[in-house]
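Labels for the chains are A, B and C, by order of writing; each one numbers its residues from 1.
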Amino acid sequence: MNKNSSNTMALTPNTSNKRETVCIFGTGDFGRALGHKMIQSGYPVVYGSRSTQISNLIPKDAEVLGHAEAAQKAAIIIIAVQRQHYNFLIPLAEVLRGKVLVDISNNLKLNQYPESNAEYLAQLLPGSKVVKAFNTVSAWALQSGTLDASRQVFVCGDDVEAKQMVMDIVRSLGLTPLDKGSLLAAQEIENYPLQLFPMWKFPIFLSLGLTAFFFFYCLALDVIYTYIYENNNFSFFIAITIPNRVCPVMALVLLALVYLPGIFAAIIQLYRGTKYRRFPDWLDKWMLCRKQLGLIALAFASLHAVFTLVTPMRAFVSWRTSKGIISQALNNKTEPLDNTKAWLSDSYLALGILGFFLFVLLGITSLPSVSNSVNWREFRFVQSKLGYLALILCTAHTLVYGGKWFLSPSAYKWYLPNIYILSLIVPCAVLVVKFVLIFPCVDKPLTQIRQGWERNPKYSE
Amino acid sequence: MNKNSSNTMALTPNTSNKRETVCIFGTGDFGRALGHKMIQSGYPVVYGSRSTQISNLIPKDAEVLGHAEAAQKAAIIIIAVQRQHYNFLIPLAEVLRGKVLVDISNNLKLNQYPESNAEYLAQLLPGSKVVKAFNTVSAWALQSGTLDASRQVFVCGDDVEAKQMVMDIVRSLGLTPLDKGSLLAAQEIENYPLQLFPMWKFPIFLSLGLTAFFFFYCLALDVIYTYIYENNNFSFFIAITIPNRVCPVMALVLLALVYLPGIFAAIIQLYRGTKYRRFPDWLDKWMLCRKQLGLIALAFASLHAVFTLVTPMRAFVSWRTSKGIISQALNNKTEPLDNTKAWLSDSYLALGILGFFLFVLLGITSLPSVSNSVNWREFRFVQSKLGYLALILCTAHTLVYGGKWFLSPSAYKWYLPNIYILSLIVPCAVLVVKFVLIFPCVDKPLTQIRQGWERNPKYSE
Amino acid sequence: MNKNSSNTMALTPNTSNKRETVCIFGTGDFGRALGHKMIQSGYPVVYGSRSTQISNLIPKDAEVLGHAEAAQKAAIIIIAVQRQHYNFLIPLAEVLRGKVLVDISNNLKLNQYPESNAEYLAQLLPGSKVVKAFNTVSAWALQSGTLDASRQVFVCGDDVEAKQMVMDIVRSLGLTPLDKGSLLAAQEIENYPLQLFPMWKFPIFLSLGLTAFFFFYCLALDVIYTYIYENNNFSFFIAITIPNRVCPVMALVLLALVYLPGIFAAIIQLYRGTKYRRFPDWLDKWMLCRKQLGLIALAFASLHAVFTLVTPMRAFVSWRTSKGIISQALNNKTEPLDNTKAWLSDSYLALGILGFFLFVLLGITSLPSVSNSVNWREFRFVQSKLGYLALILCTAHTLVYGGKWFLSPSAYKWYLPNIYILSLIVPCAVLVVKFVLIFPCVDKPLTQIRQGWERNPKYSE
C-alpha cells in the first residue's frame, strides 16, 4: 500500500469504496428516505422502478434502472412497495433467486392479513432469502436525522447470513439492530409500530372514569353543599382542594387494585385445588395490567404529595391561619400544645411519607433497565413484600387522617360518606383477605398447589 | 401454493406446522409449565417419562412416551429432571448423540456442586450438545403469563448452532435470550436466581445499625432528657422530628463513606509506591459496594427533604408559630428583620437544595440504562467531580445549619455532642484528605503510579 | 472420565484447563492489567516483548517470550502497543497469518488519523483477522475490579468467527460485549472513549450564559435598585429569591427552545414546498440537541419546585407573615377572604403542579430504557402532544402569576420589564405559531410535504 492510496482514503473518510451496492425497489417516500440515508453512509444505491423518469425526487447520487437490471447489481434488495403490489415480483423470481430481500412494509391495521407481509413475500419467492427490517423506523425521522427514540430496528429472518448482512447495514446507518429470530416473528414486528400503549388503555380509562366520579362526588359535597346550606362560595376548591382529595383516593384505590387480582387468583386456586386451569379471562387481563395500574397510582400519589406540600403557600390557607391566630390574640389567650393532636398530625404525615417512599421505590424497580438487572426472586421480594408494606402504610395514613370523622355525623352531608371512607373499602378488604391467606393453614395448601400439586387430579380433565 | 392452503393458514395463525417438535424429559411442575407454554406458541411437544400413565396433569395436546422413543422424535430435548437423577440418561447416550440437550435445572444453594449442572450433564453425555437455559424463569410466571420482570433468559453452550436453536425457542415464547458465551458460564447462570441482592447486604446492615444508633441517641437527648430535666412530654418527636434528624445524618455519613475507600486506596498506593499489589480484602469489598452505599444515602437524603418540606404542616410547628406571633402581638411590638438570620436561613436552605439536586443527578446516572450510555470518562466526571461537589455542598449545609451551636454549652446535654456534630466527622475528614491529595506534589506521583509506574520495582515481587 | 479427574476439577473451579492460551504483545500498563484479569479468569497468558527481562511487573503466572515465539503459542493475539509502533508487526506477518489480532488502542484526539487504528492494522497485515475491542475499558477499572459503569465492550471486525472468539473472552472477564458490526465501525469505537458529553456542550453553555444574564438582571432590579432607592438591604435574596426567579424563567425559555426548531422546520418546509432539501446547519444541530435542552429545562423546573416549596421555612418569609398578622391584630380587624385572590393563588399553583408533572413524565420517557421500549408512534405522542401540553400549562402558570403586574408601572423599575415578562416572549411566540400551523389549511399541505409530496418538483434539483 503506497502513500498515495492512503491519501486518497483520507479524502473519503467513510471508506465508501468498501460498501456493497444496495438496490431499492420502489421510489416512494420511505424508499427515497432510506436511499438518502444509505448514500450518506457510503452505500452505492440503485433504484428499481417501472419508469426511470421520476428521477428528480430521488437522491442525486443514486442510479435508477428497471427492476431486473437494478436487482442484478446488488445482493441486497429492499422492497419498498406495498404488500398489494408484491405480485409484480413473481416474474422476477429468477433474477431474485438467492438474493436477500428486505421487507420493510407496514400495515394499516393490527393483524390485517392472516400471515405477515414478510412471510407472504417468502411464499411468493421461495428462492430468495427474506429478512424483515426497518419497518419500525419512520421516513421522517430517517430524513431529518432526529432519531431520538427508536434507534432500535427489529430484524428477523430464516437465513442467518442474510440477517447478518442486513444487521450490518442497520448498524452502519447509526441504528441498533435487534435480532428477533426466525421469520415467524414478522407478524409481531409488523404489529409493533401500530400500537399506541395497548397495555395502558384499560388502566387509563378506568382511572379517568373513577377520577371523574370522585371529582363530582367531592364537588357536590364540598362546594355545592356548602354553597346551598352554608352560603359560602368555595368554588376555588376546584383548583387544589378537590384535586388533593381525589388524588390520594385514586392512588390508594388503584394500589389496592394492583393486589386484588392476586387475592382472587389465590382464592380460585384454593377452591379449584389446582393451578393447571386457566383463570377467567377478565382476571388474566387484569393481572397483565397490574404494572400499569401501579404506575398510574404512583402518578396520583406524586400529585397528592406536591398538592399537599404547596398547602402553606395558598392564599386561602394563610387567610385561615391568620384568622385563627388573630382571634386568639384578640381574646388574649394562647392555646396550650395538644399532645394527642401533635401525635396524630405527625404520625399521619410520617406514615404518608414512608408509604410514598416505598411507592417510589416500587416505581423505580419497574423501570425496564432496573427490572432487567434483578432476578425473579429479587423482583418478587420488591413487588410483593415492599408493595404490601406500601399498601399497609398508605391505608394506615388514610385511617389516621380520617379516624376521628368516621363516627361524626357532620361527615355525612346528604347522608353520603366522605370519599376517604369510600377509598378505604378496597384496600382494607385486600389487606384482611391477604392476612387470612398468610395463615399457615391456608398458606400451606396454596404453596403446594403452586408447586404443581393437585387436590382432585380428575378435576383437571 | 393454492388458495385452499392459504385459507388453512388463516385458521392457524401461529403457523404451527413450521415449528419443530420439542421433547421434554420429566413431567414435574416446570416441565409441564414449559410444555403448556410451548404448545401455546405452536410447538408440538412430546414428553419422555418413565410411566406414561400420569397424563392428566400434562397438557392435553402433548404426547407422552418412554424416554428413548420421545427423544427420537425431536432434535431438542429439555431435561426437566433434577441433577441427582441425571444418571438415568447414561443408558440413553446413543439415542441422545448429536441432539441438543437443554439443562434447565437450578440448585438449592449457591455453588452447591463443584461444577455446574450443565457441565456435569455435558460430562455424562459427551456426544450431545448441552445448552443451559430457562433456569432464571419461574414455572409460576410461565404458567400465569405474568412475566413482568425477568423476560431475560440467560443461555450458554459450547455449540453455536445448538445455542441458536434454543435462543429461537426462547424468542418465540415471548422471552428475551441473552447469550452468555460458552458452557463455562453455566455456574454463574445457575447461581443467579438464588441471589437476593447480594451486593446490598452489607450496606443495608450497616445503615440499619447506624440508623438504630443515631435514633436512640436522639431519643435520649431530645425526648428523655427533655422529659426528665424540663418535664416536657415531646414523645411525638418520634414520628417526624427525630427521623428528620437521623435521615440527614445518615445521608451525609453514607455519602462520605462512598468516597472514603478511594482516599484509603490512594494512601495505600502512595505508601506502597505501586498499583500492582492487591488492596486488603475489606477495602476491595468496600469499593465494590460504593454504588449501593450511595443509593442508600440518596434514599435518606430524599426522606430528609420530604420530612423537612412537611414541617409547616405539623400541628406542633403551627402551634409554636402562633405562640410566637401572639406573644409579639400581646407585647405590642414587632421584631425587625434580622439580616444575618435571613442570610443564614436562606443560604442553609440553598446549599441543601443544590447538594440534594446533585445527589439526585448522581442517582439518575447510576440507573443501568443511563450508565450504559455514557463512556468511562463521562462516568468518572459525574461520579467523581459532581459527587465531591455534592459532598462539599451537603457538608456546608450542615455546617451553616449547626454553626452557631458548636460552642454553645446548651448543645451538650449529658456532655454528649448533638448528632450533627458527630455526622460532620467523616465528611470533613474525607474532604480534608482529598484536599491534600489534589496538591500537585501528591497528585503527580499518584497519577504516575496509577499509570503503571513503580517506585521500588523490587517490592512487587 | 474417571473419578480422579473429576476431583481435580473440583479443586480448580475455574476449569482453567479448558481456556485457550491468549498472547499479549506489549507489556505496558493496559497489557499488564488485561493479562492480570485474564489469568484471574483462567486463561493461560503469554506476553510477546522485545526484551524478556522486565518481568517483575508482569503477572507472575504469565510467560514472557519474543514476539514470534509468543504469537505461535496462541490463536488470539492482543496488540497492546501504540499505533505508531505497529510497523514492527510487518516482519511478523507470516507468523500472524490467520490469527486473530485484537486492536485495543485508543487515540489522544478525535479522528486523529484518516483511518481507524484497527483498519490501519488490517491494512498492514491483510492475512490476519483484526478485531477491535477493549478500548472502552480503563486499565485502572480492570485492575481494581470497580467496573461500575462501562461493563460494555464494543467489538467489531470483519471475520464473524474471530469476533465470536473475542466476545467469549470479553464475557468470561465479566464484561458485556456489544457487536458493532464490521471493521468500518472501528473509527466510531475509537472516538467513543474520548468524548465528554459532546451533545451536552452547546445546551450547557447556552444555559450558563442565559442564567448569568437573568441572574444579574434580577440582582440589579431586586437588590441594587431596592438598596439605592428604598434603602433596604435585601442582599440575602441572592441565596433563594433570585435563584427562584431565574430557575422558572430558564425552565420556560428552554422548554420553548425545544419546540422552536420544529416550528422553524415546518415554516421552511412550507416555504420551500419540499422536504427533500437539507435544513440549514444551525437548525440541524439545534434539532439534534432538543433532548438535552429539555432535560436541562427539567432540571431548572425541579430546582424551581424545591425552591418554592421551602418558601414557608425561610426566616424572611416567616418574619413577613408575622408582621402582617400582628399589624392586623393590633388594628383589631380581620380581613375577609378575598375570593379572587384565592382563585388566582390556587389556579396558579395547580397549573404549575400539572405542568411540572407532565414535564417529569417527559423526562422519564427520555430515559434510554424507557424510550427503547416504546415505538415511534408512542414516542411522538408523548414528546409532541404531552410536551406541548406541558408548555401550555407552564406558560399559563406564568401568565396567571404575573398577570396583574403587566400594566402596573411599579413593575418597570429603571424602565426595564420584570424577567417573567421577558420569559414569556419565546413560549408565547411558539404557541401562537403552532396554533396557526394546526389550522387545516396549513396543516394539510405540511402533512403532504412530509409524506414526500413536492410543490415544485423542479425546485429540488
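Heads up, the rule we're going with is that a contact is a pair of C-beta atoms (placed from the backbone, for glycine too) under 8 Å apart; a residue touches a chain by one contact, two chains touch by 3 or more.
Quantities reported herein were computed from a predicted structural model and do not represent experimental measurements.
Q: Fit chain A to chain C on CA atoms, both being copies of the same sequence, and give the resulting rotation angle in degrees, nearest 5.
A: 120
Q: I want to confirm something about chain A and chain B. Since they are copies of the same sequence, is their interface symmetric in residue numbering (over half shared, so same) or not (under half, so different)?
A: Different-residue interface.
Q: Nearest whole angstrom, what separates the Cα centre of chain A from the Cα centre of chain B?
A: Computed from C-alpha means, the inter-chain centre distance equals 23 Å.
Q: Can you list the residues of chain C that touch 2 or more other chains?
A: Within chain C, residues 309, 312, 325, 329, 367-370, 372 contact more than one other chain.
Q: If you look only at chain B, which of its residues touch chain A in the complex?
A: Of all residues in chain B, those touching chain A are 1, 6, 9-10, 13-15, 18-19, 28-29, 32, 56-57, 136-141, 143-146, 148-152, 164, 167-168, 171-172, 192-197, 233, 235-236, 239-241, 243, 299, 302-303, 306-307, 309-310, 312-316, 318-319, 322-323, 325-327, 329-330, 367-370, 372.
Q: If you look only at chain C, which of its residues touch chain A in the complex?
A: Residue positions touching the partner: 111, 114-115, 119, 123, 160, 180-182, 184-185, 187, 265, 275-276, 279, 284, 287-288, 290-291, 305, 308-309, 311-312, 321, 324-325, 328-329, 332, 334-335, 337-339, 341-347, 349-350, 353, 356-357, 360-361, 366-379, 381, 383, 450-452, 454, 457-458, 460-461.
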